[in-house]
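Next, two complexes with subunit A in common: one pairs it with subunit B, the other with subunit C.
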Partner chain A sequence: MKNLLLLRKTILAAAFLTVFLFSGLSFYHSRHLKEPVVVGDGLLEVKKLSHYFPGLKGSINDANVYVLGKEKASEGEGAALVLGGSHPEEPAGRLASWLLVENARLEKGRLFVILTANPSASTSTRPGGAYPPDYEIPTPWGRQKFRQGDRWSNPLDQWPDPEVYIHYPSRQQLAYMDIRNQNRTWPGRPGGTMTEKTCYAMTQLIIKEKIDLVVDLHEAELQYPVISTIVAHQKGEDLAALASMMISSEEGFNIGVEYSPVALRGLSHREIGDHTPAVPLLLETPEPFLDATRGKTDRSLLLTGKDEFVMKAGRHGLLFEKLDENGWPIDVRVGRHLSSIIQIFKVWTELHPDRPIQVENLPRYAEVISRGTGYYLKNPALTPSGRLFYE
Partner chain B sequence: MSPTQSAILILSVMVAAYVAAKLIKVSTELALFLAAVVGALAGGYGFPVRHLAEGAITYLDICLIFLTATLFMNLLKEAGGVAFAVRAILKKFHKRKSMLFLLLVFLLLVPGALTGAGSVTVLITGSLVAVVLKYMGLEETRVAAIIFLIAGLSAAAPPVSLWAMLTAAGINMPYVGFFLPLLVPCLLGALLTIFFLGRKARPVDIEKALAELPLPPEKMNWWRLGLPFAAFLVLVLAGRIFPFNFPILGLPLIFALTAAVTVLISPVRVNLWKISLATAEQLLPLVGTLTCVGVLVQVMTLTGVRGLISVSVVTLPATVVIASLFLTLPLSEAVLMWGAAPVLGVPLVLLFNTRGLDPVVALAGMSLIWPLGDALPPTAIIGRLTVDTVGVRDRYSSFLKMCLVPAIIIAVMGMLMVIFSKKLSFLAIF
Partner chain C sequence: MAVFITFLYYLMVAFFAACFISNFRRSRNWQTEVLYLIALLPFLLRLFRLK
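Moving on, here comes the complex of A and B:
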């Protein structure tokens, strides 16, 4: 009897160790996966976020800041900041910013791009969510792998959560885990949590670099009412409305405009506008992978956006965006972000000729759909080390 | 094979695996784990170690809260605090049934409301309240029903209501505005339960009761009893009042510190090591079930089974969905426990929101109904725990029958909150 108990305990311990070892390896590889970035001709320099707030030095969230522009940009020219990966589980935002850094050239003004605004959140996947650890984008030279990531900072980097999260400085009460949500911790604070410090560093960047315009790239589930839209702070209402009209008439897709609610705190489109001179806009594309009614949770759903169950919910009027058998492929979502950025900069320059931001060589919606996102990713194997960076 | 057919097949295989495991007397938590593994195999994912490990930590924080909160309450019990409180209440109120019921309701609601776990209520104050109720002439099944139902309501009561928290998190809705929509019906339901099931209670024979109840240590007093609770409140309130200056402790550490205060001021020497081990052993089935439910939910999400269930429920006509809440919510709880909140709660609240109902009040109403499923097989954890704690010798089905009338009242109350959520939205103020 005693031997039987010992045998049972040994078998269970061995089973636990097996799961522990192999899952541990998988988590380790995800966290340490290096994603190559081949910077284009338009790059001036790569800084770290800790350059703007030293308190972030040594932290996993000391993100790369890619600065694009001409060597001798005029003092009067404008400056914009594009944020990808505030929520890394929304891959179109990261991929669009990747294509910006690898392809764009600035004719006027300066462009700051952060590909992974919350690096910690890109290193974990959601417990219970069954996310794949990574996904691959096909390119002419092979496949490039990206981390899947989550909405919230990795608990390995920031834990525990309070029982209620109280936002700084508004004191609004928010869900406890949103203290790790980078789009609930703006404008951030120097003595706060890692996620709050990251937002504080970006707020400092916006102030010190005299950023005029901030574009925060996101995706949303189709059962969420804020979708396929530009969310604008009141300072950017005209800009967003005009950009929306231009996008509809010139780019081949429609995008709405929503105004940032004053009572909803911690979001980039609210706090950046309230706490810095910059105009913040947030872009949302549809991502069926995030819907609670989704079917099989895999890489295919993430990249094709095709799902029978979410479609069924749509037939019952439960969605705020259409979904048919064509799904929402990643190329469509990335293309929407890029064309939106192009038109926003164009309208901005028309409205503010004294602070122009003019970007060239950036693929548009129709081009990304026709050639694929991967067509615009550069081969890291053929790149000199000075032009190769890692996220 | 279409995604729907595939998900139905995988779900059938998982159910079959669970039933087979139960038939050969495998424990509930292991049966859930086996169902998850078989589901992953049927879905063509092999033995997905990453998903199994990730699912297992889904409710890690909740498990830590259970462990530390129960440790605190066990230490308080060992120090004589709980016995002291019950004896004092009996001495003061043994002639006043209504007042006694009110105090017992308070004793039963507090542990679950603070921890979000009905099991903590059953384990800590449940056993002593059971003694009092038995002295009032109530039979065991009736006592067990009172404790189980109020324990369920205590888990749904604010500040920590896990069903509401998990669902709110799933739809990016702040866990704000729930205090009154949860507190009012939970209090009302608890009072209705004790006054309905306890209507035949007689005044307590105080001499007999005091002779049988455990004697608290001589030096135990209200200060020693109140200080740990005061420490808990101070730590929670400090985080709320000075959120930008006070370090984030988290509920597990707050409960651990409260437990430390209990040890330090205990009038008798308590064996911390022994009580910690006993607490871990006591909670092992619960923590095991939560861990395995996490694994099951992860595999259901991976294979599309969760999507199938969610979409099947939310695409029913809204009136049918609301009319069947009294069945779907307890049944989902019986199988998934808190896992029911992300699987069913999220799409239901989204559905109600699109139909113009108030999501906060509607979710509070649903949170009232969910705990009723904790008495139903296959898991029935809190039901079994209550029956064991009270020492019911009758059949389990007689306990279920005793719960029936108040359970129907609670379910109707929850459904009315969903239907009239818009009109009740004035409650959602903090």
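Moving on, here comes the complex of A and C:
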């Protein structure tokens, strides 16, 4: 009898160790997955965020800053910052910034791109959300794997959360977990949490590099009213309105304009405009993967944007963006971001000819849909080490 | 302050993990044993900073 008990406990313990080992390895690999970035001809240098705020050195959030431009850019030319991965669970933003760094050339001005603005958030997924740990984009040379990520910084890197998050410097009370939300911690502070320090470092980048324009790339659930739009600080209202018209007439899709609410604190489109000379714009594309009424939360939903349950919500008038059987494929979402960036820079240059930002060789909406996002990703296996970086 | 709370938190996680293991060893009911092991999993994942 005693031997039977021992045998049962041994079997159960072995089964437990197997599950622990597999789940632990899966989480470990997901957290440490290296994503290759093959920088294009337009790259000047790669800096770290700690270059602008040494307090971030050694932190997981000491993100890469890719600087694109010409060797001899004129002092008078403009400068822009594009942020991908403020919320890594919104992959179109990261992928669009990937395509920027791997393909774009600057004819005028300088372009700073951060592919993963919150690296910590890219290393975990939403607890209870049943997210896949990663996803793959097909390319002509194989498949490139990316981390799925979450909306909030990984609790392994920033812990504990307060009962109520009090935003600095407004002292507005926000939801407790938003102290780990990079789009609620702008402008950041040097003595704050890791997420606040990351925003502080980016604020310092904007000030020290004399950035004129910041474009923060996001995606939104279809049951959220701020979708398929440019959210603009009041300093950028004309720019956003003109860009919206140009996009609608030239790029083949419609995008609206929302104005950044003055009373809603901590967001990039509010705080960057209030605390730096730059004009911040935030772009939203539709991502049915984020909707609460979605079905199976898998890689297919993430990349195709097809979901019968969210469609059913649409039939009941609960969506703020259309959703049909074609879904919202990742190529459509990446293409929307890229064409929006192209048109925003174009309009910016027309409005500010003394601070031009002119980007070339960047695929547009129609091209990304026609060839696929992966067509524009370079093969890291054929790349000399000097041009290969990892996120 | 956050570092101190985090240290206490990991101590607490280790304490409860040890309790689950101890209860698993003492239990004579297979269903309870499975329950202890299922409850132990997230504690160990956090203790080893895996999730």
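One rule holds for everything that comes next: the second predicted complex is superposed on the first by the 375 of 391 C-alpha atoms of A that agree within 3 Å, B and C clash if a C-alpha of one lies under 4 Å from a C-alpha of the other, contacts with A are read in each partner's own complex, and residues count from 1 in each chain.
The rule is short, and it goes like this: a residue touches a chain if its C-beta (ideal position, glycine included) is under 8 Å from a C-beta of that chain, and two chains touch if they have at least 3 such contacts.
Predicted model, so just to flag it, every value in this text is computed and none were measured.
Participant: Can A:P160 be said to touch subunit B (first), subunit C (second), both, or neither?
Facilitator: Both subunit B and subunit C are touched by A:P160.
Participant: Output check: A:L5 vs subunit B and subunit C. Expected answer is one of first, second, both, neither. What do you get?
Facilitator: second
Participant: Quick one: name whichever of subunit B and subunit C touches more residues of subunit A.
Facilitator: B
Participant: Let me test your reading of the model: by the given contact rule, A:S23 touches which partner, first (subunit B), second (subunit C), both or neither?
Facilitator: A:S23: touches subunit B and subunit C.
Participant: Pick one for A:L174: touches subunit B only (first), subunit C only (second), both, or neither.
Facilitator: Only subunit B is touched by A:L174; subunit C is not.
Participant: Quick one: is A:Y259 in contact with subunit B, with subunit C, with both, or with neither? Answer first, second, both or neither.
Facilitator: A:Y259 contacts neither subunit B nor subunit C.
Participant: Which subunit A residues are contacted by subunit C in one complex and by subunit B in the other?
Facilitator: The overlap between the subunit B and subunit C interfaces on subunit A comprises residues 19-20, 23-24, 27, 159-160, 193.
Participant: So in the complex, which bits of subunit A are touching subunit C?
Facilitator: 5, 8-9, 12-13, 15-16, 19-20, 23-24, 27-28, 31, 124, 156, 159-160, 193
Participant: In the complex of these two chains, what residues of subunit B are touching subunit A?
Facilitator: Against subunit A, the touching part of subunit B is residues 2-4, 6-7, 43, 49-55, 57-58, 60-61, 159-160, 165, 168-176, 236, 239-240, 243-244, 248-253, 294, 297-299, 301-304, 307-308, 310-311, 314-315, 339, 342, 346-347, 350-351, 354.
Participant: Under the stated contact criterion, what part of subunit A meets subunit B in this complex?
Facilitator: 18-20, 22-24, 26-27, 125, 127-130, 133, 159-164, 166, 168, 171-179, 189, 191-193, 223-224, 292-298, 307-310, 312-313, 315-318
Participant: Applying the document's contact rule, which stretches of subunit C touch subunit A when the two form their complex?
Facilitator: It comes out as residues 2, 5-6, 9, 24-25, 28, 30, 33-34, 37, 40-41, 44-45, 48-51.
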